[in-house]
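Both of the next two complexes hold chain A, though its partner changes from chain B to chain C.
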Partner chain A sequence: MSSAFYKKNTRFYLALLIPAFCLYCLALIGPLFFGTVPSSFYDWNIIKAKRNFTGFENFAELIHDKQFLTSLFFTLKLGVVTVTLNNIIAFAISYFLNENVFAKGFTRSMFFMPNTIGGIMVAFIWCFLFTNVLPKIFSAAGLESMASISWFGSGSMAFITIVAAAVWTGSGFLMVLYLAGLQNISADILEAGEIDGCTGFKKVILLQLPLLMPTITINLFVSIAGAFKSFDIPYAMTGGGPAGVTNTIALNIYKDAFSTYNMGYACAKSVVLFFIVMAITCIQLRFTRKKEVQL
Partner chain B sequence: MHKQIKMITAFFLTAAMTAGLAGCSSPSSDSTQTTQAGQPAQTNQADQTSQAPEESKSTDKVDITLAVWTSSSAAALEEAQNTFNNSQDKINFKVEIQADDYAQYLGAKTVANDLPDLFYLNPYSELKQYAKNGYLLDLSDQPFASKIYDSTKEGVSYDGKIYGYPSTVEYWGLFYNIDVFEQAGITELPTTFSQLEDACEKLKASGITPFAATYKDSWTCEQVFCALYAAAMQDRLPGWIDDMNAGNSTFTQEGVDKVFRFIDLMKENSGTNYMDSDASAGYNSFANGDAAMIFLGQFALRSARKVNQDIQLGMLPIPISDNPEESKIMCNTGVGIVVNPNGKHVQEALEVLEYITDNTDGVRNWTIIMLDDVGGAMPSIPVKMQNVVNEPFYQTASQYIADGKTMGKISNQLNSGAMEIIKGVVQGYFADMSSQEEILNQLDEQILKLAE
Partner chain C sequence: MKAMGKRKRRYWIQGTLVFLAGILFMMPVFLIVMNAFKSNREIMLSFLSFPKTLYLHNFQEAMRLMNFWVSFRNTAVIAVGTVFLSVIVSYMAAYGISHLRGKFSDGFYLFFVLGQLVSIHTVMVYISVMATKFHMNNTFWGLILIHGGFNSAFGVMTYTGFLKSVPRELEEAAAIDGCNAFQIMTRIVLPLVKPTTMTVSVLYFLWSWNEFLLPSIMIGDSGLRPLTVNLNMFKNTSGTEWNYLIAGLTLTLIPIFIIYILAQKYITSGMMSGAVKS
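Take a look at the complex of A and B:
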């Protein structure tokens, strides 16, 4: 698209955004800035029906809240691991699917299918695998030490179960985007590179990855935000257990708001989460955008 | 310029990503209403009339709604509702089962000043909180108030007045499979802790897991802990609860070792990988005879009987020490049915409540429809049950309740929020993540904060 053409029609393009933007304001920006943010300055328990303005007290309390810090650390850990694994696995799958593999369409949809299953169902499937299927397979294979692993009995094992489910369901979507990105790379460039001796692993690192940067930007953005909001899989797999060590921030906020009814405090946590995610994504966008190559 | 647009886009995209979460608290956008929630009376009437005008016009009936939380007794609720509707033509009684999180539903209704005519509430701290804020009608003069057992009054009273009808009394103990006990050669039922240890040995020798593990669900750990803690405290319990709620006591009390000794016994006798087993897995292994006992409330028996129609169910009071006199069962008023004083048809709501609390002999009333089955709780008024009375576990429980050998459930009597804390903390002991001392310290630290 030439930039002159783009400039001429800028207004039209912006006008196209208006309906979506209005809906977005109504459903998201409104509640966020007129509900969540103001409420975070109140000591507000929904069943006590009292709302006392306490200024930044909720935020001050957060710093000393062990559960919140545990869940923040857990979410960061989960984020780093799932974002990395999701993207590496998704790229690897899409790389091989981009080559001429057998039954390409079928294989592609098989890898994408987990993404169409709801988080709660995914959690049930993996719970079943970890508690019923894996121990039986291991003991049939004579690996008693593996069969007796308690997958939900310790924080580190429970973490692995959540990561497995999250990666299984999350990588399919990223794979589709990577695949689209790979197919968009002009065959001429790759051919020219190959003639110059850039083949195999070198081709991936020096040609395909740099040209994929726009896709990587989007994929990292989607997966980072997703990881920070992760709720359904940990909720249904471990319920935050054992002893609350697998609580994500979202789960922690939910419990505060609807189990102990501490709505004001929960809103303060949401606001903090909002700023954390914003900071991380802004840094990530700046970083990856810089690496994008203009052809 | 271009950079700025990018930054702004980034900001809004991030907002989109996180606002899904923030949206959870969207009822807060009605904040103006909330601030006036102390006086819910005025705004409510208009809402109530607009709710069902068409139906009431066409049939000349008054709509009365009872909101209840999800339970496995949907069929019973429907029967109970229809029985009332067929008996008169003035009121159209509707039971609304809340499929979603009930606490969330009630919170939103409270904030919006739109509570139903009649609704379920958790007795003790939650009910007291609602009563204190003027959301509940004083029911002290209602006919049921003189019929309910004294032991159930505490959970539904505030400031000396009765604000709810305690429709169920749930009870907890060690439920066991009678056939499996016989198979393992346990002829004398354990009434002390050492006898229970012996029974566990006998069961293990016969290849049976003594306890059905449910500990992946943290609420089961919480219920076991509450029952054991109450058993260890015996008569000191009520005074301790008052002190804790005032913020002047600690979980480290004389006899608390017995609680952890009992949990240790459960851990040693719950099979391998017991932390991977949730409540439904536990119900199944108990029903199939893989495990001999399950330490939970009577509700667990409904699932067990569903899986295995022939299972013979007995009940043991909790053998906390070597003194059989200290073995008791835990009881808790499970549901408080309350009336919204600002509903449009309070008089009609009270008529429905009268039907709910009816205990006339020979009538298939609300209580019999709802509770007369395996897994049903005890009633709080004298009602002649027909089916469940023949079950051995029910006979044991009734006997203990009649003898007053019961204890309360601490998580419902401590300040609101205690249950969630106990769930999270105590599971750590089952999972070998924290020591006894750490558990007690964590409980103190978090629960005393609720007193502030």
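Take a look at the complex of A and C:
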């Protein structure tokens, strides 16, 4: 009976997909495959009202575009640093929260809270800290040279501010995932290890980390993809400045499209970004899958 | 006995350390909220002291300068609209996928899940062009539709996962009792997936509350701007008046705090399931 019932209603079930499918086409499929990709082959500027087919010229130009290469390099740098710090901090916190300690739930909530605050607000909070709070802390500690640092004046200092904000909001999320992973490790294995003399730091390196490999895979995937999509924090904190050295790729695209209106060129960059994110995801998944411990 | 003592000591020492680290982590938020109640001079004097009096002038001024109630209303309308549209659309699609048979079902599932690979930054240029073409600029519905498209990948994934655990016998029994397919979907299964609906709604709400990029592209009209966009403009125009700025920031954060405190369980579990399945 059941099979007949489902068969009879196949049309109904298919119809249920239509709204989601339409929205999907409107927001993702259409703009990507019918907008961004074709436009990347055009020399297209909205203000100058020109749209000429130029083939791969945009992409050829990209390779020599200093601004774009700077932003690409900056995104990579930001990605590597934030992904590393995020994962180390998240793992350390989750390790202690997994031990027998008091007020677990409350402490966990404190670490996770920043993750629910949007990028614009996070950037704002850290701007306040770097301009009003940190200088005072340093001068109170007698470190006058540190107190007079202009955090948004030089590229390397601005980089630090962005990393601080990104790590602050990003690590809580990874912490929750690590914590879930740690709790999934069977107590028997750890106990057996402890009897064999595998305790303390050794226990972390030899037992917990290898057994956490699936979680590490997920966390790296989540945080690398996130790093390449970073826009809000650099936009609101430094605006890409000073002199464009803290532009991420997304910010660079945004500026091309909405301040110089080079739509075709911005689309070519978007295509590159799309492929980078996809490639990193694929490589990373393959790389970490192999290392997983099978139990 | 000795081992017990050691364990007890670790319980308190490690616990205290990690608890203090947590306080340090929350410090930025404390500082913002606390200083929002001080005059600019008092902030400059000491950012750490508690406010001497409950100085509410900052909030009044920030509300006036930011056009707070208007942008609050705009954000709320966008967020609520996004939640409704996205939840309905994702539930429908997930229900359809989980009831179709064979290749169709897998294919559609993959289609929606792969959408998570497309980030908004890769299509934002064309979305702005399209929005102008279709007169979606400066409209809430345009923004809500695009939000819905981006959200449905997550919603379909989460709902499909949960729908697998709903026993089919229940639906079949309802069918025998004379329910049609639509009634089964809305009256029998929908109440059963309530936890997922909660999770998904809370996350959609937070995401659209925090969203900045799309509204900054699609909404230029000052009367229609949401909080995030207004906050950013406010920051650029009144750069050094930190007392007003952080008062505005605090006001924007309050709904997030409330939702976090009330629905923390749903937020963490939802985000985790989203990350694990992709």
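Just so it is clear, the second predicted complex is superposed on the first by the 264 of 295 C-alpha atoms of A that agree within 3 Å, B and C clash if a C-alpha of one lies under 4 Å from a C-alpha of the other, contacts with A are read in each partner's own complex, and residues count from 1 in each chain.
Convention: contacts are C-beta pairs under 8 Å (C-beta built on N, C-alpha and C of every residue); 3 or more make two chains touch, one makes a residue touch a chain.
Keep in mind the model is a prediction, meaning the values are calculated, not measured.
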| query | When the two structures are laid over each other on chain A, which of chain B and chain C touches more residues of chain A? | reply | C
| Does chain B (first) or chain C (second) touch A:180, or do both, or does neither? | second
| message | If we overlay the two complexes on their shared chain A, which of chain B and chain C does A:263 touch? Say first, second, both or neither. | response | both
| said: For A:31, using the defined touch cut-off, is the partner it touches chain B, chain C, both, or neither? Pick first, second, both or neither. | reply: both
| query | Touching A:20, do we find chain B (first), chain C (second), both, or neither? | reply | second
| So, does A:218 touch the first partner chain B, the second partner chain C, both, or neither? | second
| said: Contact-wise, after the overlay, does A:244 reach chain B, chain C, both or neither (first, second, both, neither)? | reply: first
| task | Examine A:117 and indicate which partner it touches, taking first as chain B and second as chain C; both and neither are also allowed. | result | second
| query | Can A:130 be said to touch chain B (first), chain C (second), both, or neither? | reply | first
| query | After lining up the shared chain so the two structures overlap, which partner does A:9 touch, if you call chain B first and chain C second: first, second, both or neither? | reply | second
| said: So chain A touches chain B in one structure and chain C in the other; where do those two contact lists coincide? | reply: 24, 27-28, 30-32, 35-36, 39, 46, 131, 221, 225, 228-229, 231, 250, 253-254, 257-258, 263, 266-267, 270-271, 273-274, 277-278, 281
| Of all residues in chain C, those that touch chain A in their complex | 7, 10-12, 14-15, 17-19, 21-23, 25-26, 28-29, 31-32, 35, 43-44, 47, 85, 88-90, 92-93, 95-97, 99-101, 104, 108, 111-112, 115, 117-130, 145-146, 148-150, 152-153, 156, 168, 172, 175-176, 181-182, 185, 206, 209-213, 217, 228, 231-232, 235, 242, 245-246, 249, 252-253, 256, 259-260, 264, 267-268, 271-272, 275-276, 278
| said: So in the complex, the part of chain A that touches chain C is made up of which residues? | reply: 1-2, 5-6, 9-10, 12-17, 19-21, 23-28, 30-32, 35-36, 39, 46, 93, 96-97, 99-103, 106-107, 109-121, 124-129, 131-133, 136, 168, 172-173, 176-177, 180, 218, 221-222, 225, 228-229, 231-232, 235-236, 249-250, 253-254, 257-258, 263, 266-267, 270-271, 273-274, 277-278, 281
| message | Per the contact definition, I'd like the list of chain B residues that touch chain A in the complex. | response | 6-7, 10-29, 31, 34-35, 37-38, 101, 103-104, 106-107, 110-111, 126, 129-130, 133, 216-218, 272-277, 281, 416-417, 420, 424-428, 430-434
| query | Of all residues in chain A, which touch chain B in the complex? | reply | 24, 27-32, 34-36, 38-39, 44, 46-51, 67, 130-131, 135, 148-155, 221, 225-226, 228-229, 231, 238-245, 250, 253-255, 257-263, 266-267, 270-271, 273-274, 277-278, 281-282, 285, 289
